[in-house]
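Right after this note come the structures.
Heads up, the next two complexes both have chain A, just with different partners, chain B and then chain C.
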Partner chain A sequence: MNINRAALKENMTGYLFIAPQFILFLLFLVYPIFEGARLSLYKINYQKETFVGFDNYIKLFSDPVFVKSTINTIIFVVFIVALTVLFGIFVASAVFDKNAKYVSFIRGSYYIPVMVSMVVMSMIWGFLLNPANGLIPFVTREMGLPAVNFLGNKDLVLPVIIFVTFATNVGQAIILYIAAMIGVPKDLFEAAEIDGASRMQVIRQILIPSVKPMTVYITIINIIAVLKIFVVIQLLTGGGPNNASTTLMYFLYNNAFKYNQLGIASAVGVIMFTITLLLSIPQLRSVLKND
Partner chain B sequence: MFGRKDKIKKEPFDIASNIFVTFFAVLSLFPLYWLFTSSLKNSSDVVKMPPDWFPKTITLSNYIEVFNSQPALRWTYNSLVVSLVSTVALIVVSCLAAYAFSKLKFKGKNVLFIIFISSLMVPKEVVIVPLFRIIQDLGMVNTLNGMIWPNVATAFGVFLLKGFFDSIPDSLRESAKMDGASELKVLYQIMLPIVKPGIGALFILNFVQVWNDYLWQLVVGQQNEVKTLMVGVATLMQDLNPNFAYKMAGATVAAIPMLIIFVLFQNYFTRGLSMGAVKE
Partner chain C sequence: MFKGRLFRKLLLLALASIVLVGCSDKDKDKGSKGSEKGADGKVQLTLWLTPQWEGVLDATENGASYDSFFKHAAERFSEEYDKHDVEIKVEVVASDQRDELLNVNLNGGTPPDIFYESVFAMGEYAHRGALVPLDDIVDDEAKSDIGETYWDNVTFGDEVYFYPFSHMPGTLTYNADMFKAAGLEDYIGEENEIKTWTLEEYETILNTLKKDLPKDEYPGAYPMALYALNNQGDTWNLAYLRMFGNEFFDEDGNIVLDDANGAKAANWLKKIYDEGLTNPGAESVSSNDTIAMFQNQQLGINFTNSVLFNNMKADMESGKSPKFDARLANIPSESGKPLTFTYVTGAAVFDTGDETKIQVSKDFVKFFSSDPELVKSSKNGVPVRSSVVEQYTDENPLFAAYDENAQYVFSFTGNVPGYNQLRQVLYPELQALYTGQKTAEEIVKDYQEKGNDIIKESKEDSVIFQ
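And then the complex of A and B:
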């Protein structure tokens, strides 16, 4: 009886302690997930909701702007994530065994653009790339290259956004890789050195395999971050020219807050949610394994 | 062994890569240099081609214009309140929850933890439509509260802090309980001082994250007066004012607080980011 009481009390304490966090979690995340799934099956006109089954999803896949948004998002994810991982490994493997001041300078220089945010960086790049009075078009003209409108040309706009996003966010991957590489046991290198391995071989055969869990982590968080790419699109191109640079998040936002197509927007949300959940499985496994 | 350095040996490849890495490190700071110097130029110098690589005459008029023609102080205040309240609230609720998940025994603990932590990577943007409707129903559109509370639903705090609580031996709690301390007292007086580094890292990371967040704040704060700094400054981009120096001054105002935080807390970022990453 007494033991039961104590157990009950401990149970109650546990629930009380997690309650504030869980109420917010249920209200602002779990409930919206289910509500979003429900809304995606409805046609919503202000207060009036009509059940339409999977119509919103069917409409989506026959909408060329949605198809374009999906393709662009995939292109962004593939290129930005690949560039981020490769450049992150390259920078970190070059500097991780150098003196602390130098490492901290490199880390800082690449991380500062992350700190000042995509909003500010997009504004600067918008100015730098401005066809009328931007520095970059001026430089390309001076170099004798034909005048190009970097953000107004449908073939150039994707590479430009890939570059801007990559250049702004790679600092995070660099910080993480440097930390991971500093943590690789030194005796591994020494053994390889005694065997006469070159630095390139050490990096490829010891360093990169040793930081593989970090590569998985960086890949996943960057895929998810690029999946919801929005700021740079809204501030640099507005999805243009002629929807050439629209993305899933931008499409969702426009449908929800400009065209008042809440059912359609919810369907896009459900698709994006499913993708993020699937992507996070490997990471979750490693978190839960540790417990 | 004398003179043995814990380094891989120097090679031309290594030297070349470091020159390359340093060059790009400096280059990646150039846009910010251009931002600051442009914001100090007058409206004609800023678009002059060829440009002045260093501003010839320095003027603060763009900053004055930003603060006069826009409620930029109000935006800064809004950003500060949203970031600070979100972060402090997250620390309080996630300390309680992380402590419970780590040290207390209750039915369904593991299942609840798995459900909760599964949401770790799900960004709130994917549920923005239903989330916005909830905020509407709560009457929180155009309020800072509407921007704040959805941020506190994240599992990130528990994820980061639980590891710190796990590393504290149970005996510490048990002996305090033996002396009659309540659970809250144990958490507050014994555990918190030990998990302080984790709380510090969580504070910095989350503060910056919320400060730089954009989409949710854009959607909730539609009136000019309730905009946050990021959202407000971004509207300058669409502003009819053709003066680029004015826009760049706005962007600089948005950038400066984060630069200061970075300079002051660089080590927290390095450690905090890695804490949030994989544990071997």
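And then the complex of A and C:
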């Protein structure tokens, strides 16, 4: 006990330093998680909360829009993350060993969309794709081509959103991959050159394995980011046509703020939190293993 | 060992914080609280409104904006009110963000004190118990000056929740210049007439506009507006679904769209869409898009209401949009009896739990809704007060046309609870129709099923029905 007290006294300064962040963490992250879980078991209206057990969850799983939202979210996660990782590796491996100015130019070019607000990007794409008065449909009409409604066709709307999100986010992956590739020891490349390895072999046998931790990191942060995809849906398609592009986050937003179904929205939040937590475990384990 | 203890201590601290925070705001009861006055003893009120009319009296004033009237009324009220020192903050919120903003603020315990909006969009909040009844500020003078139809519109259960100010009849508007260019002179009504066409005539108009409208004069123009991106402007979509005689609601307030007439109407919408008689991509076009397109002369016929129509004319006068001859028409129906509806607009007072603020809010609502000078601004829509209508009939001959049209008005909400959520399930069905995912028969069936589930659940939660 005395040892503990002495140790506590000794480390008090450290604890005080982390206290502000820790308290904020508890208030704004830990507490909402518990409160969200509690609310998911209630039916809430303006005047009262009624305990309904797992009714909200049962309702969710029998709601076709929720099922559609879950499937769409999985599609977005798989395709956007895969495209981001593949294209990131492709661009980074092509330029990382080139002239420093050229690398900076490429890095800057791909990073600009990341800096532009997703709201602005979505609005610009909206102006381009609006079927009645957008630029792209206008040009296709003028050229006598058949009119295609990119935002209103249930088979095209997902690829369009995947492309828009991927194009906006890929810059970050490129920056991270270039940084990781520049950090790969030069002697590995020299040895490969002496052994007569081709560029493809260097990329496959040296570069990709060397940047594996970065790939894990990029995959995890992108999965978490794409799970929360919302702005582009809200501004570009409104979840349509007929819920073809709705996602879990958009479904949660609609229930919480449009339909005022806070219990249902909280249940969606709990499900999303669980998925994110499960996906984060590998990353957490790899970090702990390194320690 | 030490690490384990430290972890336990941190966990204990975490749980203690959660309990403390959790205990802080558990009381959801809206009991009487003390007045939340500003530091200087002022009663501070917040008034929200969605865009209605611009200017105090009309849109031609210098610097006219959507909040001009309420800022002016607030200024006068602050000067003339003797019970408290009052400061009123006026905020304009986007119509399509109204429910999100209100839900967030209601759940966060920070609703506005007053909201000025169309009653149909706000009735939901009366059902939820978020509004206070206004019966105590309605006097005999108001009851005799404002017609009974309008009082019925703002009464939920036995109590009045909105103080009617003006109303906005919903019709179609058409570009008479385009009609002339397409050789449709015979179908153009008088300048101050709300023209009624038969369904057959309407189809002739759409087909002629498509075929004969000079492409060089009106490039990229379409005959009629059709939209289903979101819930905005959905009242016209609801009207189209009644075109073949469907009553929409039964006597118990349940949706009865799933019959031969409902399916016929949905089929008609799909038919005109497929034949290119409307703008393309209706499933991803919003009502705001079609307003802009009509103003840019890319549409021959669009939806409108009295305020939108006045704002459009004001934009033409001020040079904000191209000038052309825009006139009004009714929504046609198979029976020949046209369809029209009206939005009664007025102010509601939220139950903020602060008796003083609620009382001052009521006094302010009564002030701007009954002051002889201020009620003149209701001429921007159509006044609900007979005294104001009489004053402005000569200046605005359309008032007489709207009055004559009142015989065709139908109640589009059916005064059912859960109306806001009903709106959210309509447009996905229309999107499914336009994209061919569902047939007309399927969408009327599915909408009826989903809609009636919403109505049933909302009735159970409604304080009015309890």
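We adopt the following convention: the second predicted complex is superposed on the first by the 261 of 291 C-alpha atoms of A that agree within 3 Å, B and C clash if a C-alpha of one lies under 4 Å from a C-alpha of the other, contacts with A are read in each partner's own complex, and residues count from 1 in each chain.
Operating definition for what follows: contacts are C-beta pairs under 8 Å (C-beta built on N, C-alpha and C of every residue); 3 or more make two chains touch, one makes a residue touch a chain.
The structure displayed is predicted, hence computed values, not measured ones.
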Touched partner set for A:Tyr57, first chain B, second chain C, both or neither: neither
First (chain B), second (chain C), both or neither touched by A:Pro131: second
Partner chain in contact with A:Ser198 - chain B first, chain C second, else both or neither: first
Contacts of A:Glu49 with chain B and chain C, given as first, second, both or neither: second
Chain C versus chain B, contacts on chain A by residue: B
Which superposed partner A:Asn242 touches (first chain B, second chain C, both, neither): second
Partner chain in contact with A:Asn254 - chain B first, chain C second, else both or neither: second
Which of chain B and chain C A:Leu29 touches, first, second, both or neither: first
First (chain B), second (chain C), both or neither touched by A:Ile106: first
Which of chain B and chain C A:Asn153 touches, first, second, both or neither: second
Overlapping contact positions on chain A, where the chain C interface meets the chain B interface: 7, 22, 27, 30-31, 35, 130, 132-133, 138, 256-257, 262
Touching residues (chain side chain A, partner chain B) in the complex: 7, 10-15, 17-18, 20-22, 24-25, 27-33, 35-36, 39, 90-91, 93-95, 97-98, 104-113, 115-128, 130, 132-133, 135, 138, 142, 167, 171-172, 175-176, 179-180, 183, 186, 189-190, 193, 198-200, 202-203, 213-214, 216-217, 220-221, 224, 228, 230-231, 234-235, 249, 252-253, 256-257, 262, 265-266, 269, 272-273, 276-277, 279-280, 283-284, 286-288, 290-291
Parts of chain A lying in touch with chain C, wherever the complex brings them together: 3-4, 7, 22-23, 26-27, 30-31, 34-35, 45-49, 130-133, 137-138, 141, 147, 149, 151-154, 237-243, 254, 256-260, 262
Partner chain A, residues of chain B touching it in the complex: 6-9, 11, 13-14, 17-18, 20-22, 24-26, 28-29, 31-32, 34-35, 38, 46-47, 49-51, 92-94, 96-97, 99-101, 104-107, 109, 112-114, 116-134, 149-150, 152-155, 157-159, 166, 183, 208, 211-212, 214-215, 219, 230, 233-234, 236-237, 244, 247-248, 250-251, 254-255, 258-259, 261-262, 266, 269-270, 273-274, 277-280
Complex interface listing, chain C residues touching chain A: 2, 5, 10, 13-14, 17-18, 21-22, 28, 30, 99-100, 103-104, 106-107, 128-130, 220, 222, 228-230, 279-285, 289-290, 292-293, 298, 420-421, 424, 427-429, 431-432, 434-435, 437-438, 461, 463
